[in-house]
Amino acid sequence: MTKVGFIGLGVMGTPMAAHLAGAGHDVSGFDLSADALAKLTAAGGRAAADVADAVAEADVVITMLPDHPQVEQVVLAPGGVLDAVKPGTLLADMSTIRPETSIAVAKAGALKGIRVLDAPVSGGQAGAEQAALSIMVGGEADDFEAARPLFEALGKTIVHVGPHGAGQVVKAANQLVVGGIYGLVAEAIVLLEASGVDAGTGLDVLAGGLAGSRILELKRKSMVARQFQPGFRIDLHHKDMGIALAAARQADVALPMTGLVAQLVAAGRAMGYGSLDHSALLKVVEGVSGRTSEEV
Amino acid sequence: MTKVGFIGLGVMGTPMAAHLAGAGHDVSGFDLSADALAKLTAAGGRAAADVADAVAEADVVITMLPDHPQVEQVVLAPGGVLDAVKPGTLLADMSTIRPETSIAVAKAGALKGIRVLDAPVSGGQAGAEQAALSIMVGGEADDFEAARPLFEALGKTIVHVGPHGAGQVVKAANQLVVGGIYGLVAEAIVLLEASGVDAGTGLDVLAGGLAGSRILELKRKSMVARQFQPGFRIDLHHKDMGIALAAARQADVALPMTGLVAQLVAAGRAMGYGSLDHSALLKVVEGVSGRTSEEV
Amino acid sequence: MTKVGFIGLGVMGTPMAAHLAGAGHDVSGFDLSADALAKLTAAGGRAAADVADAVAEADVVITMLPDHPQVEQVVLAPGGVLDAVKPGTLLADMSTIRPETSIAVAKAGALKGIRVLDAPVSGGQAGAEQAALSIMVGGEADDFEAARPLFEALGKTIVHVGPHGAGQVVKAANQLVVGGIYGLVAEAIVLLEASGVDAGTGLDVLAGGLAGSRILELKRKSMVARQFQPGFRIDLHHKDMGIALAAARQADVALPMTGLVAQLVAAGRAMGYGSLDHSALLKVVEGVSGRTSEEV
Amino acid sequence: MTKVGFIGLGVMGTPMAAHLAGAGHDVSGFDLSADALAKLTAAGGRAAADVADAVAEADVVITMLPDHPQVEQVVLAPGGVLDAVKPGTLLADMSTIRPETSIAVAKAGALKGIRVLDAPVSGGQAGAEQAALSIMVGGEADDFEAARPLFEALGKTIVHVGPHGAGQVVKAANQLVVGGIYGLVAEAIVLLEASGVDAGTGLDVLAGGLAGSRILELKRKSMVARQFQPGFRIDLHHKDMGIALAAARQADVALPMTGLVAQLVAAGRAMGYGSLDHSALLKVVEGVSGRTSEEV
């Protein structure tokens, strides 16, 4: 039994906190939404009055927040997590944010004797609900081992990938590859259909060979049928492509395909498809090719 | 037992013709290389004196040639296959060429009563040697069924994907996706390494999730180790990206990622890596990021 | 007075042939269009019965054709220009085609004692009508000097840029820069407008500094006003981007921006703007940014 | 005579502050560099002890800082400019930063009765030294008119382009166009040279037609000669491309060419050319094309 302070009870954080409470941990949570707090109570956790109340007695604090400004506010700002916790507390920030912010948080924590991990996840809402997330962890090996039992209540693939920020870098690499494969599959579909070839048949062949991918396996039928219920929204992938570009800038590397994929995802959002699944990159490629389709 | 005329006994055609002979078919082959003809004889085939001699008595003609100019020369030019065969012969062109040339060959064949299939393959030299090719076939369904027994001696995945040219379109779609995934994985590796993250560990995580692909499965270890023995050479992929762009132009679609992938593959060739495996796209991304690596 | 055979009397060729006739040359022209032949006669030229008739007595043959297949047909095919002219004739192909075809034509000409220049033009229909074309000439210096008086009746900037094919390479370089600047200006306009900045005012500033260009000077007002009457049609620029990519392939270089510009121009055509001025690349960038505008 | 507080005396700020002092204004300046303060004193200004000392009595404050974190620190942080000035002071931030920061500064100023302009410049060090900058100003028209006499001591083209942030947006648009044209010219040069065409001759033709630009006019000779002394360093252009992408993200538009240009500029920096002139994008395109050149 671990005392867990959990900040950020959105579509990801709510089921994650519930899994921790269900596994017998003592979970104090906080979120600005009263609804979210009620769900936490119903799942066996305690609704805290504010951030400080949620984390003051915690052994481990988990934050699951939208982006780096929220992490800076909740963790670094005066009265935030770093001010409110006991020395020796372990902070696992499971938000997906820029590596440089994760590194800054780790440095700020170290000055106060707080151990920090960056531990972004993939697997989306479904993965959170089914405790089947992949968790990519950056930070010290000892801290990773200390947090592992909690992570095991949340996910299936739990990997220590390197030093502070490394979790975010791996997540960024994951998202650039995922976004890029969606774009490539979209271009394949548009080429096949515009050439008078049945896209389903064509993609079946691709899926069985060197072009095969998890995305082709899971999404080729829905893409050809123009079914784009999320899943993972283009708006969120747009945020993640921004992180990938920021990580590239931080690492001083040039990533030409990532630069273009970021603009295609931005186009998806700008064209009004931000709330569709990221497989709706197909609608961007259709758009530039003057082809229109009806979502089923 | 089918009488097969086989034109083009290169690294692909030689094992393919041998498989056909081994399966009991009567194979007459032609190539400009005396060595290639000797190999055919050793495999149980007959070395023909020229194209006309190879195909004059054939029920089925198979061509396996480098690119569209060779197909135009061997098939369409005066004295070529269409002039030399009996009416009713079935021509399966297994070369990877532009869809528009396949369609033109089919039309020219139809005028002379010659049935034509386009049947490009994927799987490379290893696939040809192990009779494990994927074969993507465009043309009439009856003709596909007629050729199927021969194809089954050459490959494992044999799919009729649509009308004349459809095989080439599917092959083009396959190659643009494969090239693109190599580029994306290369960018992931460069980002990970430049950020101080162990690329092998990071790619293991990617391979297990939505970013997973056949390429990550088969090639991530060799890419991280900078082992680029082909496999499938960048020079050949460069040719195939030209076909993909030509197919897009023919279909009047815009494929932004394909346009960029084509230039990255062209860069691989221009930078002197044309004879390396196409996974050596990694060296292009390293080059633009000022990172150098030694091939092991 | 020079005897000129002129093949290809389209929107460019018709005024060009008329200028030559008007300058006192003896022009025999041929085109499949009877209308075009009538215009030539009206301008003081002679309507020939076929290609051979047009060129048989010529000192200089000028061809002005849509693309390389037409040049191959008219010049290289049996009965074409090379078969019909006298040895020593000078052939100036003013079509915009791939450099490799220009080189092939020059080689074929050399075998028959025919001197060949590639001499593509820029300046469009207006330039042709006003005898104000820019003419980029590849081939031997002596042949260039021999043709110069004719070129001076057609254009204002007449430059010998290098050996056979060099004219086409310079034209290709010109078109990739022009297409790219249109794309960049389009992105500037979309960024300014979407940010609530008056695009006209913003572009005025750009036009006065290092971002300045002939295109900003001539077209910024019409682009902001969404006036896209050609000028030079996107369909033609699409053809020219294909030539630029073919030239890059021939020269074994990678041109990343050209690869993308080619797809943006292809998008313009695919989206239905092929008959608009190439400045309508703005509509492509607007499209991917979910912004729509009415052409005035 | 205006009392001016000037913060940021780098390669741009030092000559700018000197021009203001030379025009008879009462300039109090601050910078962390003692050298810079000495230069200000030599130019007739007063070396202030800190930011507050520099701005406390000022009528107009000018900030000329590297990027948005410095602006946030100097202007917004406790004890910064907004805390130290008198109500009614006019703050002209001439730094090149993200539009969203300029807007945030303007809002923070408004809360304290401070009038704010964003007024980024182009023209580089030479423009600063010669008082020949272009100044793009966002904010209220009255405030622009109030600051105009000071701007006229610094630049030649002074334009009020719109509301708060508009100056930054125009600067961003300028930089994406400039970076893009360098890339296009670089690709033209590589294509010409690799095709065996004299690049100088070819670019002369381009410069005289629709492909013409200020960059071709000023830089084509130095680019062909591989002379890359700055001018404006790639490192700075890399920063500016980040701003352009941030502005696009803020405005919710997709800019495909800008996305690619940003990566090409990043490549220039990553390849080690960060301190060369931005025309050294040529070295990036040469690099991907396997072509090397010696800087003269």
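Read from first to last, the chains carry the letters A, B, C and D; within each, the first residue is number 1.
The rule is short, and it goes like this: a residue touches a chain if its C-beta (ideal position, glycine included) is under 8 Å from a C-beta of that chain, and two chains touch if they have at least 3 such contacts.
In this text, all values refer to a predicted model and were calculated from it rather than measured experimentally.
Novice: Could you name all chains that are in contact with subunit A and with subunit B at the same time?
Specialist: Neighbours common to subunit A and subunit B are C, D.
Novice: So which chain is the furthest away from subunit B, centre to centre on CA atoms?
Specialist: Most distant chain from subunit B: D.
Novice: Give the chain pair, either C-D or B-C, that is connected by more C-beta contacts.
Specialist: Here the pair linked by more C-beta pairs in contact is C-D.
Novice: Please report how many Å separate the Cα centroid of subunit B from that of subunit C, as a whole number.
Specialist: Their C-alpha centroids are separated by 36 Å.
Novice: Once you find the CA centre of subunit B and the CA centre of subunit D, what distance in Å lies between them?
Specialist: That gives a centre separation of 51 Å.
Novice: On a C-alpha centroid basis, what's the spacing between subunit C and subunit D, in Å?
Specialist: Here subunit C and subunit D have centroids separated by 38 Å.
Novice: For subunit D, jot down the residues that touch at least 2 other chains.
Specialist: In subunit D, 248, 252-256, 258, 260, 263-264, 267, 270, 288-291 touch at least two other chains.
Novice: What residues of subunit D sit close enough to touch subunit B in their complex?
Specialist: Result: residues 256, 260, 263, 267, 270-272, 284, 287-291 of subunit D touch subunit B.
Novice: Which residues of subunit D touch subunit C once you look at their complex with the stated criterion?
Specialist: 99, 122-123, 134, 136, 138, 157, 159, 161-163, 165-166, 169-170, 172-174, 176-178, 180-181, 183-185, 187-188, 190-192, 194-198, 201-202, 204-206, 208-215, 218, 244, 247-248, 250-258, 260-261, 264, 285, 288-291
Novice: Quick check on the complex: what are the subunit C residues that touch subunit B?
Specialist: 242, 245, 248-249, 252-256, 258-260, 262-264, 266-267, 269-270
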